[in-house]
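Alright, structures below, take your time with them.
Two complexes, one shared chain (chain A), two partners (chain B, chain C).
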Partner chain A sequence: MQSITAALRSRAAALTLLAAALLGPVPGHAQLRLDITQGVRDAVPIAVVPFGGQADGGAADVAAVIANDLRMSGRFAPLERRDLVARPTSGAEIRYEDWRLLRSDFIVVGRVEPDGSALAVSFELHNVRTGASLLAQRLPSTDKGLRATAHRIADLVFERLTGIPGAFSTRIAYVAVDGRPPAQRYRLIVADADGYNPRIILESREPIMSPSWSPDGQNLAYVSFEGKSSAIYVQRLASGERRRVSARAGINGAPAWSPDGRKLALTLSRDGNLDIYTLELATQTLTRVTSDEAIDTEPEWSRDGQSLYFTSDRAGNAQVYRVVLDQARKAERVTFTNAYNARPRVSPDGKELALVTLDRGGYRIAVMDIASRNLRVLTNARQDESPSFAPNGALVLYATRDRGRGSLAIASSDGAFQQRLSSDQGDVRDPAWQPFAPRG
Partner chain B sequence: MKWMHVLAIAVLSLGLAACQKPTKPDEAGTASGDTGAAASSSGLGGDASAAGGTTGAALTPQQQALADLQQKSVVYFEYDSSEIRPEYVPVVAAHASYLVKYPTARVRLEGHTDERGSREYNIGLGERRAQTVRRALLVQGVAEAQITTVSYGEERPAVEGSDEAAYAQNRRVELVYAQ
Partner chain C sequence: MPGFFQEHLRPLAGSAGLHLGLVALLGVAALRWTSSQPPVELAIQGYVVDAPAPAGPLPQPRSAPAVQPPAETVKPPEPVAEPPQEQRAEEAAAAERATAAAREQRQLEERAAQEREAQLAREKAAAERRLAEEAERKRAAEADAKRKAAEDAERKKAEAAEARRKAEAQAQAEREAKSRAERESDLQRRLAAEEETAALARSGVMDEYRALLVQTIERNWIRPPSARAGLQCTLYVTQAPGGTVVDVKLGACNGDQAVRESITNAVYKASPLPAPRDPRAFERRLEIVFQPTE
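For the complex of A and B:
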């Protein structure tokens, strides 16, 4: 994971279609920024004290990164820095009564220290009410790695307090578009989960769509129209090496990786009719899954890899169906609430689907419990789309429109809150949250 | 996409095949933008306006027919529909006559949707619209080999905006004769 950023810089050679100058940081642009759009009730107050050994502010301010991550989760309300009454940097320096007065339930303190030619970051998490130490660790770091270390600390704090692994060390992929029709420029971008450190993966005059992470989080499949028609590419982030895996006549769309990483489900059109296929990447073996006159698209694998969820308008309007792969062509409908349900994404535990639903006149993000079919609408705008679960299942990242421009937003899976990730300029859309790296 | 139709006229009237060569980078940041590897860029706009002066030159009958045809080369659709509305039936018929008369002519049908709903599903809707026009052309005697289709879904709007006026202009099939 840590090598991705460095490796992205050295990947120019593989992208023969693209200028090397495109690579590296996004030039003063498309950085995402967290805007709280809805107050979070019941968020737990926590003090994240500026870490010793470093100046306040700047991109590497460890405490600021941790506080921002915890705020983004919707479950915590970090104290404003100006309200911090003291600056302890170790557990021994904490005067609990000060923090009880501020009604902070928990406190994170720490410091950055030289460690040979590199750095080390020590941190502690304490319960303000009881004074108990909940977590104390020392993590190796570097000047350039401080943000990554801070995300790691946020992951550990989040997991210690909620029992859910934090997803702050993962990345997100999305598409940014600028320019006006017909002279638009499309960029596929990978950034840290908090929107920092955006890197251009691909830039084109023609549309780029539907980024999909491989289960190991090392590759992206996506649709690019760079050849004046759609084709599916698989790009390895570490090396930049990419392969065109499907450029058949007609539509090549909606790639989705199988849980074992060996196949893509995808949409192809023969004679203009869209159906779902699977493609074994190593052998290019193509297997047809659906065969219907309707639009069948947006496939998504069940967690056990045995079936596919997909969107179809075979009943007259878009609904989500499921087909068991070895009993292909006998699809069962799974959504029944509302006249439009599309783009299913399976939750990490496999029990829920995030989807786009037409709810009271607006296209909104909902989560459906697969067993009970109970549909929970999470958002309330008019044009929300492209839901993607965080790898810990706690949040859903999606695309929305804000004052006429595409932007990204986050909702908690339980519907308790929404927050916007606003971009400095351009339209941003089609987000996909990277899965956790496999353990071991 | 209007430039593309104008460009097609320019190509024909100048008798140039050279238009396929990469366009030169323009000044970045101008309204017309700079150029990229793909052919959709502003350098072409310059070509087209230069060609404007040549349209007065003598055109072959085919060139004249194409120029007339390209006055009406977009078919618009109702929301969530891929039916050709009655007012566009003559438009499609005019393209069909041209393609039948000139069997070497090639048309590309680009299907589009408005921005509502899911992106990949909209690729399907755009394709369905393009296929409707394709079938109408085939029925009128156009050869399959003369037609290609592509769907851009909501990815290439004709106009920006999130109101019905913008949506109506974006739900369309463009008939493009660029090479």
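For the complex of A and C:
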């Protein structure tokens, strides 16, 4: 007994010395250390409770707009309205246990109130698991502006829970085609990001193609055949005022705005085959960029404005190339993975390209990391086209054709999810997502 | 002229004779007065010199103040007048005597009065001295009492401080003894726990438990897009027996708000955490490090 105690003492002393030497302050108790290296890409369950001061349903149902935005992002799974167990309209009324039982992680509550002759919308975002209040704001609104206010709330909630600014308040442009040849009707449409409030920008019996947003989101450049041959127009959305900037012999196509808004890159066939040019808008100065015998088209500016990405079949099939504007005619190929890669669009952070790739027999939307050339296929239909990044980079808008009829769809840029946007506007194609308005 | 002399010789002679006789008589009388009469006591001019009234604080001399002896001054004898006529002289002498007696009487009375005053003054001075001495004694006694009280207080303070010091020293000693004992028992506990842990580790139970916990939390972690490679966030989690998560504290974390929200929720959503196959492998405190690979 004596010797055991003594041995224990000496070991204890040794342990103390060791602990003091290695650990500094000795923790009171042992801890089990766990290393978490993986997570899931599931949609985050969230409850968006109908806002007080509003009847359920209707186009201005604020909670429905928010829930739909969040669902559309693919990152959230809003609780179905029929599953709501209570209808709190302020943080103080939330009983967290109820929502935990429904396995919601977060909850959005709020109310619409008269504010003088206008309206005000108050909302709060709470963490159901911890009970923490994460957001609480009051936004001015109007009867007509309620959907816009709801999109704004969705933006704030999205940013608070994903770390990415929401893009639900931005708009999209696309072309809708009605009727059968030869009695077709083309319309250039600008709508809210969720497809609501479509507004016709241009209507024509001749084809309209390739809308492209100016960097400030105030102008659209597009191709119109209204004069029986192709021409490029620039139109100011607020006033409707427009001007023709290129109507050269042959094809005038695929306009793309430079990051500083002063130039367009475009495709012209005036020298025999399709090549890439830049056009300075103020001076009408035209500069040829490529002069290959192959088809070069679909130009896209790099974020620094120093180079252009474009599609070329110079290697026998379509691939994406890049040319530095100072060193024209020395284009380098950037896509190698599949037999067909076309229609490049640069991500907002400039690090990725969205493109159409021929993947296992289908034309699909993919995102390629420019540095690593790693290609991530986002969709799985047979005929997807015209990818366009959301201004926050989280989503890619594209057109998908099914039995000859096109519709709009959205994929999350990590490939976790896709969703088709319902449309009653016929054959829809060539979508383009508006950039964020410049801050300040 | 001789005629006149002659004529008046007789009365002149007679008058001269009378004068001579008177002078002779006066001379005798004067001789007798000066020799046989007892010398008249002369008035004594004396002053009692009062000690100055005690003014202000004394130190009073202990001995009585020396009383100044009465100063005696002798008046010089009156110049002897020309011997009057005998009768007049008699009367004058008598009057002189009466006056002298009266003067003497007055002087006596004055002297007595002076002595009474002196006595009174002495008594007053003595009384004042007594009062002063009394006051002095009282002051001294009070000062003494004060000093004693101060000394008492000082002593008591010192005693209290000493008592406190002793109590503190004892408490310190007890604390040290207690913490020593705690350290020792803690060490022994830890040693025992370490041995148990080592045994569990050898049996694989610990690895299995860890894997089970990791799997459960990973399944509940909805990774936000901002959770990329390079992220490292630590949670300190306390679970109750039975696996209920009772506390989640965020440690060092280089992730944004979305990441923090997501990892905290992952742990809460995984609650109750799975139990180990061997209950001895249960650990209340977990340190969970979120370190995603791309």
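Throughout what follows, the second predicted complex is superposed on the first by the 394 of 440 C-alpha atoms of A that agree within 3 Å, B and C clash if a C-alpha of one lies under 4 Å from a C-alpha of the other, contacts with A are read in each partner's own complex, and residues count from 1 in each chain.
Rule of thumb we're sticking to: a residue touches a chain if its C-beta (ideal position, glycine included) is under 8 Å from a C-beta of that chain, and two chains touch if they have at least 3 such contacts.
What you are looking at is a predicted structure, and each value in this text was computed from that prediction instead of being measured.
Visitor: Please indicate which partner A:M209 is in contact with in the superposed arrangement: first for chain B, second for chain C, both, or neither.
Guide: first
Visitor: Please indicate which partner A:P165 is in contact with in the superposed arrangement: first for chain B, second for chain C, both, or neither.
Guide: Neither partner.
Visitor: Where does A:P348 make contact in the superposed view: on chain B (first), on chain C (second), on both, or on neither?
Guide: Neither partner.
Visitor: Please determine whether it is chain B or chain C that touches the greater number of chain A residues.
Guide: Between chain B and chain C, B touches the greater number of residues in chain A.
Visitor: Check the residue A:G53 against both partner chains and state whether it touches chain B (first), chain C (second), both, or neither.
Guide: neither
Visitor: In the overlay, answer first, second, both or neither for which of chain B and chain C A:R180 touches.
Guide: The first partner, chain B, only.
Visitor: Scan A:G91 for contacts with chain B and chain C and give back first, second, both or neither.
Guide: neither
Visitor: With the two complexes superposed on chain A, say which partner A:A394 touches: chain B (first), chain C (second), both, or neither.
Guide: Second partner only, chain C.
Visitor: Taking the contacts chain A makes with chain B in one complex and with chain C in the other, which residues are shared?
Guide: Comparing the two interfaces on chain A, one with chain B and one with chain C, no residues are shared.
Visitor: Mind pulling up the chain A residues that touch chain C in the complex?
Guide: Listed in rising order, the residues are 8, 11-12, 15-16, 29-44, 75, 103, 105, 127, 129-130, 134, 160-164, 394, 414.
Visitor: Can you list the chain B residues touching chain A in their complex?
Guide: 1, 3, 32-33, 35-42, 115-121, 123-125, 127-128, 130-131, 134, 149-152, 155-162
Visitor: Applying the document's contact rule, which stretches of chain A touch chain B when the two form their complex?
Guide: 17-18, 179-185, 203-207, 209-210, 225-226, 228-230, 250-251, 253-254, 267, 269, 272, 274, 295, 297-298, 311, 313, 318, 340, 342-343, 356, 363, 383, 385-386, 401, 404, 429-430
Visitor: Going by the contact rule at the top, pick out the chain C residues touching chain A in the complex.
Guide: Against chain A, chain C makes touches at 184, 187-188, 190-191, 193-194, 197, 209-210, 213-214, 217-227, 236, 248, 256-259, 261-266, 268-269, 283-293.
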